[in-house]
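Paired with chain B in one complex and with chain C in the other, chain A is shared by the two complexes that follow.
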Partner chain A sequence: MIIIEKEVTVRNRAGLHTRPAASLVKLSSRFDSEIFLIRDGFMINGKSIIGVMTLAAENGCVLTIRAEGDDAEAAVNEIADLFEQGFGEI
Partner chain B sequence: MFADLKIELPFFKEKTSALIATGFLKGIPSSPGVVIAKALVIQPEIFISANDKVSSGTSSFEIDRLTQAFKDLNLEFKAVVDRIPESNTGAVNILETNLLIINDEFLQKSINAFINDGYTAESAVIREFEKQKVYLLNSRDKILRERATELDHVKTHILSALKQRCLQYNIANDRVLVAQSLTPTDFVNYKEAGALAVVTEAGGIASHVSILARSFETPAVIGVKDATGIIKNNDLVIIDGFTGLVIYNPNDELIAKYQDKIEKIEKHRIALGKLAKEPAVTADGRKIHLMANVDRLDDIDAANLVGAEGIGLVRSESLIINYSTIPGEELQSKWYREIADRIYPNPVTIRAFDIGSDKYVEGMPHAESNPALGFRGIRYLLSRTELFKAQIRSVLRASINKNVRFMLPMVSDTSELVKSLQIIDECKKELSAEQIDFDANMPVGIMIETPSAALMADELAELSDFFSIGTNDLTQYTLAVDRTNELVSDRFDSFNPAVLKLIAMTAEAAARKKIPVGICGELAGHSAATTILIGMGITELSVVPAMVLELKNRIRKMKYSAVKKNTSKLLKLPDSYQILKILEQ
Partner chain C sequence: MRQIDDLKPMVQEKIPVEMLLNSPVKLVKLTNETGLENFITDKNLHRPQLALAGYVGLFTFQRVQIFGNTETLYLKSLSRIARIKALQKICQFKIPCVILTNSNTLDQELIDIFVAAGIAVFMTEYDTTKAFSMLSDFLDDQFSPQLVVHGSFVDIYGVGCLFVGRSGIGKSEIALDLIERGHRLVADDVVMLTSKKESLLMGTGTSLVQHFMEIRGLGIIDIRQMFGIRSIRFQKRLEIVVELEDWDDKETYTRTGLDEKSINIMGIEVSKVKLPIFSGKNITVIAEVIAVNYLLRTYGYDASQVFSDKLNERIRKKSGPKKYFEDKRIIPYFKDLE
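Moving on to the complex of A and B:
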C-alpha cells in the first residue's frame, strides 16, 4: 500500500468553512484511498464533511494531507491543488 | 452623518389608556427591503434531553427509527432542491451541503454508537452534535465558530424527522416570520408558502438565513434579541431590512411613513430596470469592480439599490465633522461595523482620517501657510499615535466578517507605510491579547495621490494589498495648481498627460504585483475618462451612488482590447486638448 503525506496551507480568507469543506469531501470521495487531514496531531477522515468542518481550519493554518491506497499520489496532488487555488475563493 | 447613524426612536409616554404600545427592536440588517405585515411567531422546539435511555434490547428499534429519519430527510431535501431554480446557486449550495452533512456516514456511525450505549435516537443525535460543536466553538475564527449554528440546523432537521413532524407551512402566507432561527429547508418552504420577511434571534450576516434571504430577495433582520418572546403572533410588524429596525404594533404615523418608504423603493427599482443586477463587465469580458463612495449612512441604501459591488471609499473624516473632538474607539467601531454590516457581503474600504490641509479640525496646532503641502493625512496620524491606534483598532473590530479594507491617505514614501504597518501589527497584537475578534488578514492599502507615491509605486506595491488613486490631489500636486485659487484653478486638469502618465505608471506597478488598483476620485465618474482609465488597467472604480448605473452602462458597451490599444496611443499625445478631442468623439 502506498502512503503519501503533503503539507498544505489554507489560503482562502474565510478558512475551511462549509462550502470548501464540501468541495474537499466530494473530491476525496472520488479516490479509493483512505484520505486523512492532520492538524496539530489531530486527525480526521477527509471523506467526512463533519470531520473536515470540525477541524476549524482558519486562513493561514497548515495541515497535512495523508492518503493511503493505490491512488494515494493522485489524491494528495489533486487535494493539494484545491488548497493551492484557495477553493476558488481567493 | 452622526445623527443618521444613531436610530432616533420616538419617545412614547406611558398612557394609562394606551391601547397597544408600539415597540422597537434593533437587529442586524441582513437582506434589504421594507415590509409591513402580521407576524407569524414560530416557537422554539421543546427541550429534548441528551440523557434519555431505552430499555435494553430495544436499541435496534432506535437504529431503525434513525435510518428511516435519514431516508425521509433525503426525500424532503431533494424535493426542496428540485423546486428551486438552478440559477439560485446560493440556495442550492446551502441545501446540498446540509444534505452532505446529513449523509456523512461517520456522523451516522457515531450516532449509532451512542444508541448502542443505550440512548434514545434523539438523545444520541443531541450527544453527537454537542460533541462536534465543541470543536467549532473552540476555533479562533469567528466565521468558523458561526458554523456551529449550521450543525444546530442539521440537528433540528434530524430531530424533526425522528418525530415525523409535519410543519404547516401555508400559514406563513403574507406574514413576517419571527423565529429563534430557521433551517434552510424551513426557510424555503415558508418562503414558497408566501412569507414576506424574516426576523430571527440567531445569526450573523454570514449565516445561512442571511444568504438565503438575499438570494430570495426577502427582507431580513437577524440577531434580534428575544424576538419570539417580545413579538406576539398576529402583531403588526414593520421590518426595515436596510437599517435593521423592527417595529411591532406601529402607530398610524409610522405605518404611513414606512408605506411611503416602500413606494419610493418600488419606484426607484422600476426606474433602474434590470441594469442594477447586471455585472460591470466590458463587452469582451473584463470585469471591473464598480463601487460607490459613501459619506453618509443614507448613501449605503442607495449603493445597495443601484447594485454597487461594495463601498470603494468611506471618508472617515466626514463622519466626525460635527464633533469638536475625535470620538473614541467604541463609538468609531460602532459606525464602521454598521457600515460593514449594511453593505455585507460586499466589501467596504475605510480610509483613515485625512485631517489637515483644508479639512481643519480642532487639535491641529496652528493654521499653516501652505496646508496642502503640510501636516495632513498619514503625516498627522503618525504623529498622533493614540488617535491613529484608536481608529485602527475600531476598523479592525469592524472587520470580523472579513469585508473591511483599510486605506492610508497621503502616503508620500515607503517609510510612512512601513511605520503604519508596524502600528497596525501592534494593534492586532493588543486585540488578540484582549481576545477581541478581528480579521487578521484585513487588506491594508494606500492612496496614491502624490507624484512621489506614483513614482515609487513598485516599491509601495510590495507592501500594499491594494492601491486607490486620488485623482484630485494627484492633479494638484503634479501640476502645482491649487484648485481653490481662482487665479490658477483653470489650469487644474486631470487629463493633462503628466497626470495620466502617473496614473498609468501606478496601474502598471499594481498589475506587476497583482494587486487591485482603483480610482475613487471625481475622474472615475467623468464620461470621457472611463475608457482611458480602464484602458490603463484600472480594475476598480468608485463613484457616488447616483452615478453607478450610468458608469456601468458605459463599461458594458466598451471593448477592453480596443480601449487598451487606444490608451497607449493617447498617452503619447502632448496635451490634454488633443487627448480629450479623441476621447469625446
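Moving on to the complex of A and C:
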C-alpha cells in the first residue's frame, strides 16, 4: 500500500467553509485510497464532509493531506491543487 | 479500511497552570497573573511535607503542590527565618503551582517568595482530601489520551455502540434509523474517544458538530431539532464496536457467537462485532439485537453458551434426533421435557 503525505495551506480568504469542504469531499470520494486531513494531530476522514468542516480551517492554516492506497499519489496531488487554487475562490 | 487500533491517539503532554482555574475546586488566585503560563506535566499531585522540612531528595517538584493544614501549620510553627528558608529551598525547583486548601493563606512575605520564583499560588475552600480527589479527576481527564474516530456512535438500550466502516457503507443511515426507533445519537462522523482512568472509553461529539449529521443525497440535518432532546446525548461509554463490511464470500463470520471478539483501543478492551452487509438485511434490528445480547451477557446470560450446554447434555445422553419424534406436540415444547 502506498502512503503519501503533503502539506497544504488554505489560501482562500473565507477558509474551508461549507462549499469548499463539499468540493474537497467530492474530490476525495473519487479515489479508492483512504484520504485523511490532519491539523494539529487531529486527523479526520477526507471523505466525510462533517469531518472536513470539523477542522474549522481558516485562511493561512496548514493542513496535511494523507492518502493511503494505490491511487494515493494522484489523490494527494489533485487535492493539493484544489487547495492551491483556493477552491476557485481566488 | 483503516482499523481503529492503528490510529494514533492524541496525548496532552503539558497543560498551562491557567487551565486549573476551570477545575471544579474553585481556585482563588493569590499571586495575580504570576506563573499562570507555567506548565503542568504530571497528572499526579504532591504534598511537599518532607521537602518543607528540608529533605528534597526525590522531590516530585514538577507536580502540583498541595499545601494542606499540615503544611500550613508546620510553616506557622517555624521561626520567621526558618519559614522563609524552607520556602526558598523548595522554590529553587521549577514547581508549576501551589494550592492552599481549607481557605488557608500564607503571609504576604511568603507569597512574595513564590512570586519572585514565578510560581502561581491558589487557595481553595475545599478540604485537602476533597480538593485532592477533585483535582486528580480533573488532571486525569486533561491528560487522558484521545482518539478521533470516523464512525457513528449511538446509545442503543443504554449500550454504547460505535459503527465503523468504509465511507459510504451507511453508518449514518443506520444511526438515523436507530434514532427513528427511539435510540439516542451521541455523535456522527467525528467521534472523540477519551480514555478514562485507563479502564473505560467515553465517546463524545465535537463542540462544533454536536448532533448535526450528513445524510448522503439529503445534506446536513440537525438530529436534536428534528427528533428532540430525547434523541440525543452528549457522552456515552463505548461498549461495542460494530464493524460494517461489504459481504465477502471468503470471509468467515461467526456463526455461534461462542468466541467473543474484542478490539484494543488505547489499551482498553472493547467487544467487537463484525457485521457483513448485503441488501435485504435489516442492520438496525440486528444492531438492537447486538445491544440486547450484550446486555444479557453483562447480566450473566450467554445465549450461545446456554445453547451449547444444552446440546452437550443431549450428546451425553446419546438420545439423538429420535427424541424430537417422541416429544408429543400436545405438550408445550418450551417446557423442559428432560
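In this section, the second predicted complex is superposed on the first by the 90 of 90 C-alpha atoms of A that agree within 3 Å, B and C clash if a C-alpha of one lies under 4 Å from a C-alpha of the other, contacts with A are read in each partner's own complex, and residues count from 1 in each chain.
The definition used in the following text is that a contact is a pair of C-beta atoms (placed from the backbone, for glycine too) under 8 Å apart; a residue touches a chain by one contact, two chains touch by 3 or more.
Computed from a prediction, not measured in an experiment: that's the story for all the values here.
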{"item": "Touching partner for A:Glu68 - first (chain B), second (chain C), both, neither", "value": "second"}
{"item": "Partner chain in contact with A:Glu34 - chain B first, chain C second, else both or neither", "value": "second"}
{"item": "Greater residue coverage of chain A in the superposed arrangement, chain B or chain C", "value": "B"}
{"item": "Touched partner set for A:Ala56, first chain B, second chain C, both or neither", "value": "both"}
{"item": "Which superposed partner A:Ser48 touches (first chain B, second chain C, both, neither)", "value": "both"}
{"item": "A:Lys6 touches, of chain B and chain C: first, second, both or neither?", "value": "neither"}
{"item": "Shared chain A surface residues [contacts with chain B and with chain C]", "value": "45, 47-51, 53-54, 56"}
{"item": "Chain A partner contacts - residues on chain B that touch it in the complex", "value": "93, 96-97, 100-101, 104-107, 132, 135-136, 138-141, 143-145, 147, 150-151, 402, 439-441"}
{"item": "Chain C contact footprint on chain A (complex, rising order)", "value": "29, 34, 41-45, 47-51, 53-54, 56, 68"}
{"item": "Interface residues, chain C side, partner chain A - complex", "value": "1-2, 7-8, 10, 148, 150, 167-168, 188-190, 206, 208-209, 212-214, 220"}
{"item": "Interfacial residue positions of chain A with respect to chain B in the complex", "value": "13-19, 21-22, 25-26, 45, 47-51, 53-60"}
